[in-house]
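Two complexes come next, and they have one chain in common, subunit A, joined by subunit B in the first and subunit C in the second.
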Partner chain A sequence: MTDPIVLLQILWTGAVTASSYVLLTVAFSLTQKVTGLWNFAQAGTMGIAFYAMYFLLNDLGQPLFAALPVAAALAGASGIATEVWGLDVLRARNSGNLTFFIFTLILAELIIYILTLLFGTEPQTLFPSILSPVHIVGGIAIGEWDLWAVGITVGALVALQLFLRLSNDGQFLIAVADNARLAELYGISARRAYCVTAAIAAVLITLAMYLFGARSGITPNSSMELILTAVIGTLLGGMGRVFMGGLASLVLALIQSYSVLVIGSRWQNLLIYGFLFVAIVVFPRGIHLPRRRLRLHAAQPG
Partner chain B sequence: MEYFMSVAVMIAIFVILASSYNLVIGYGGLATVAHPIFFALGAYTAGLLAIHTGLSAPLCIAAGAVVAIAASVLLAASSLRVSGDYLLIASLGFQLGLLQMIRNFEWTGGPGGLTDIPATITGAARTPAYLAICGAAAAVTVAFIAWIVRGPYGRAITAMRDEELAFTALGRNAMNLKIVLFAIGCGIAGIAGGLYAFYYQYLSPEQFDVLQSAAILTMVVLGGMGTTWGPVVGAALLLAVPQAITFLDLPPAIMAPAQGIIFTGLVLVFLFLRPSGLIGASGRGAMPAALGVHDHSGEGA
Partner chain C sequence: MITKNVARRALLQGAGVGLAGAFAGRAAAQGKEPLKLGITEPLTGSEAGYGADFVTAMRMAAKDVNDQGGINGHPLELVVIDTQASPQLGINAANRLATIDKIPMFITAWSAVVKAQAPVANREKVLELSVGANAPDIAKLGDYVYTLFPLAEVDVTALAKYTYDKLGKRRAAVVFINNETGIDAAKLYKTTFEGAGGQIVLFEAYDPKATEFSGMLLKMRAANPDMVHVHGLLVDTPLIIAQMRQLGMTQRVSSYSAGYNPKLLAQLGPAAEGFIVTSLAPGVDDNKNLPGFLERWNNEVKRPPNGLPYLQYNYDSVLIAAKLYKYVLDKNQEPTGDTLRDALLAIREFNGPLTGKTIVDGHHVNKPVYLLTVENGKFVPMAKIES
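Up next, the complex of A and B:
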């Protein structure tokens, strides 16, 4: 029987590790919801965000508060450029699924090759040290960085939820996601909605790469693995359900963390790909939890 | 001259691979991206049999094709009930999962790759002999696929791809046809893998990853999906052009990404300038649904 403290420690560590996956999945899922596309080019955006931060922090010696927004701006610019000069052109041509798939995948690969040429294939971390002070709470080791990572993730998700609910642009995104043509009849620009989505996704991706790159070594190719995690989370959460996608990636990360108790760490990725395959074949529209039934008296006035 | 012939061998192998993929995706309309894994299964099976059993090369290659067919039936039977984007992603999961297994098992050589695949032909005649063998295999593959798609079986495939509901309503079993078509395409990919294993004598999981999926897909799309000669032109162009910079004598750390940039750059240029491929589809009926009109305005997302 495994010690409960060990199980709790894995739970906490898994949740912290999941923070970047959650943000990446929410970015991918939001884009899929609004544009209807599986945008693999976000793997390129991940690379741009990470290496922009890396270059500013390590080569130019800039502080984090300068590097983070600059990286987000560059990532956003690349996302909007992809939207305007790539996806929009293909939409105008009524291109099919495969064309979009090829375009986004190849664009991501092009960016990865350029980053490989510029930065090489050695794993890089954002900071020289990946250690942070640790406190023992109830027998569980909780790092200061862990709290920071969870705080950033929760903060970003709350901000996104408020944006979608309370701002005009947020409402426009939902309208375009529901029916782009109808939204345009009401004067909402679908093109603007797509660009806003690209910008939001870039901010979420930059935060995720900051969290990921501060603790793990990243190569230009790492983003391809990360995007697959986002794809799986999006599928399991159910397409169009952005925050459920984030929750699904959290659960996936926890399953992956707990799997070390029964299988070797080198098989963990296989677990993820297995989930991807099963998710598609068994749950092509995501896992739907049973809806709570409304109580009769709550539905009746008075 | 040796260098040019080795590039030609590579092109011939990829003509086989791209043509078989075209049969599945272009003619059959089955949008999977897992084709490299069947190439890998053929290659690893042939390589492992050659190392451990000493069987002759043709038998090893045939065994590779059988394993690829078996795996294709496994994938098809479980995932062909979904289509479009879903099938793309499911096939990606299948490919990456099997690659992860190849990477983790020790008997496949693990991440370091499978070495010591015996040389079946040695000496100065090796590359010319392989060029003749692979060239002949490529020619036979192209002719075989052209024969399939121009006959009654090909008409059934086209009918199934374009109007599956009507096809089923006529009493035909679309699922069986898809599985058989998929098995033929993947079996040919397995043969290409066997040839690859014996020529290069070294296999590693990275040779069959997502980039390889994108590369083969691109060869088919840029050459002309659903056409006989499209994959031939696509494979030749996309493999030959990046080789041009090998004469610049750049260090490997620059050469590999530079070739990748040329390759992906070419793909993007052609995708926008020549979206129907260099050898365009011969009419609306030859245009697979995957490349045809599709609504991406986000409705119902």
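Up next, the complex of A and C:
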């Protein structure tokens, strides 16, 4: 089992599997950074995104290029509606953190319940077939869907990074994340920033649900398990460090994949809860990598 | 409509339940107090695809009983409760049927659920009839728990022997879901295959919630089996086969009767070719009533059934329950868990229209095992193994 081909294959399939988790974690972490909230309602957004795509593809026979943006728009609309008619109202009332937590959790359960009534509880995949053509490259099996998944994930993360760095709205998000009241003094609308965040999160979630639903059966309840992965990634990556959250999800998925070499497959999911426990107790502010020396030297005077 | 009636008549004639002679029509079955039969199946949740279809088949059977006059004039009424295939919900359902609805007999399924409900059945002295669950230790659950479905010792043993003897496989990998459905059956496969002279090169359980199996499959690839047996459920089995093929693994795969599902063929396409499943019920070539039943099913449900062999047992199980009620009533006894159990053991031999002869041998049922394989995108008969 120490065959390098096997190790590389695990690396590749682990990374591909992680792609949807990375996107979900980045969406959750970005929302946490900008709004300061643990928005569990994103589990509902996941359900809306998946079942909108499922309905458009399978019941209405629409092509993917139409289903994907419509699902993202619906998911975005639900996220923005939650902001405007839910979270904003709670903010105006100066509600405590527990109220926000309970509200988002109940909203997620409500959406899941409605989706259950509409679509039932049988696991559904986005497409009738869960297979894609495979190519063997240097002994490693690489599926066409794998390349698609990695490409979409990297593309989405690069686009998000560019948006945050180069656009006004991106800069406003960071300003609101740092200090919402100060940002408003400078004329930046925190409410708008929250809505833009909800829209971005919806796009990332829709892409993640596309990647996940193309390969695995999903039920309305699946999203509650998926959001747990996003929470763990956010905790391990460190609150407020969006891309580190995504990286933490990737590392977690790889550790899970490699763990099968030393422990039985049935223990793999236990690792997730073990990491969550360790993260909360030992790394409450996330795992911080050592800073690079070069930067420290550069910061020193003459 | 004519076809439907003919099919029903054929089914009931095949059943030999002797109900038709008692009363002429449905009106007669509506005059007396209904006899209730509890049903606990997953109607929601990941196993609902099977459970809902089983209930549909049981409702068809109950309707057929009632259309023929019921049971000595009593209509048969099904009281259906959803378990989501969850042991806890199964316990709640059994408690409700026994203590609130006061129903002396219920039909149930899914090994974990059957086991969880057993203490309730034994405590409340109601007859629990397992139809579809196959964990070997279901035979040891107590005086009020019986199976109308052959346990894994029948089909898994036959499959493992066939794999060694007829297919010539010598190195098998066994992967199984880490719950009551998988654990004991996988051990049985292992013991049988090794007993025949084969080698189990990988024996690995996976988490019931897992969706990613690549690590486990790479371990399997390194072990280099010439046969793979998957003992899982509706959700995970196609995922495992798909991920095997994606990793370039071409070994032939077998499973048990849960793999006999048209949805699996759609999900896997050509990757399902050669897949072997067991069936404990005769197919259309071996049972003259089945084509009529399938035609009726297609007319009413408008799609192929999920888990056809199980469905056949579920249909017949309602007729068996009706026969137990009739036996007790004919003896002027009160239908209780005790009298119905005594009836089951006294009658012992049942001839179901969709499953043929079923002999209840204590807590075991013996039936022939049918093996099917996927050829050109369809399940086709492969072998019949007499027990």
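Definition applied: the second predicted complex is superposed on the first by the 292 of 302 C-alpha atoms of A that agree within 3 Å, B and C clash if a C-alpha of one lies under 4 Å from a C-alpha of the other, contacts with A are read in each partner's own complex, and residues count from 1 in each chain.
Here is the rule we go by: a contact is a pair of C-beta atoms (placed from the backbone, for glycine too) under 8 Å apart; a residue touches a chain by one contact, two chains touch by 3 or more.
In this text the structure is predicted, and so the values were computed from the model without any measurement.
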Task: Once the structures are superposed on A, label A:Asp3 by its partner contacts, choosing first (subunit B), second (subunit C), both or neither.
output: second
Field: subunit A: partner with more touched residues, subunit B or subunit C
entry: B
Query: Touch check for A:Asn269: first (subunit B), second (subunit C), both, or neither?
result: both
- request: For A:Ile106, decide between first (touching subunit B), second (touching subunit C), both and neither.
  value: first
Message: Between subunit B and subunit C, whom does A:Ala141 touch in the aligned arrangement: first, second, both, or neither?
response: second
Task: Scan A:Leu261 for contacts with subunit B and subunit C and give back first, second, both or neither.
output: second
Task: For A:Thr116, select first, second, both or neither according to whether it touches subunit B, subunit C, the two together, or no partner.
output: both
- prompt: A:Ser216 contacts which: subunit B (first), subunit C (second), both, neither?
  reply: second
- prompt: For A:Leu98, is the partner it touches subunit B (first), subunit C (second), both, or none of the two (neither)?
  reply: first
Query: If you lay the two complexes on top of each other, which residues of subunit A touch subunit B in one and subunit C in the other?
result: 116, 120-121, 266-267, 269
Field: Parts of subunit A lying in touch with subunit B, wherever the complex brings them together
entry: 32-38, 89-91, 93-103, 105-107, 109-110, 112-114, 116-117, 120-121, 176-181, 190, 224, 228, 231-232, 235, 239-240, 266-267, 269-270, 273-277, 279-281, 284
For the subunit A and subunit C complex, residues of the former touching the latter: 1, 3, 6, 9-10, 13-14, 17, 116, 120-123, 125, 128-132, 134, 136, 141, 143, 215-217, 219, 225, 256-261, 264-269
Message: With touch defined as at the start, can you tell me which subunit C residues reach subunit A in the complex?
response: 44-46, 48-49, 84, 175, 178, 204-207, 209-216, 218-219, 221-222, 234-235, 238-239, 242, 245-248, 266-269, 271
Query: Where on subunit B does subunit A make contact in their complex?
result: 25, 31, 33, 78-79, 81-82, 84-90, 92-94, 96-97, 100-101, 104, 210-211, 214, 217-218, 221, 253-254, 256-258, 260-261, 264-265, 267-268, 271-272, 275, 288-301
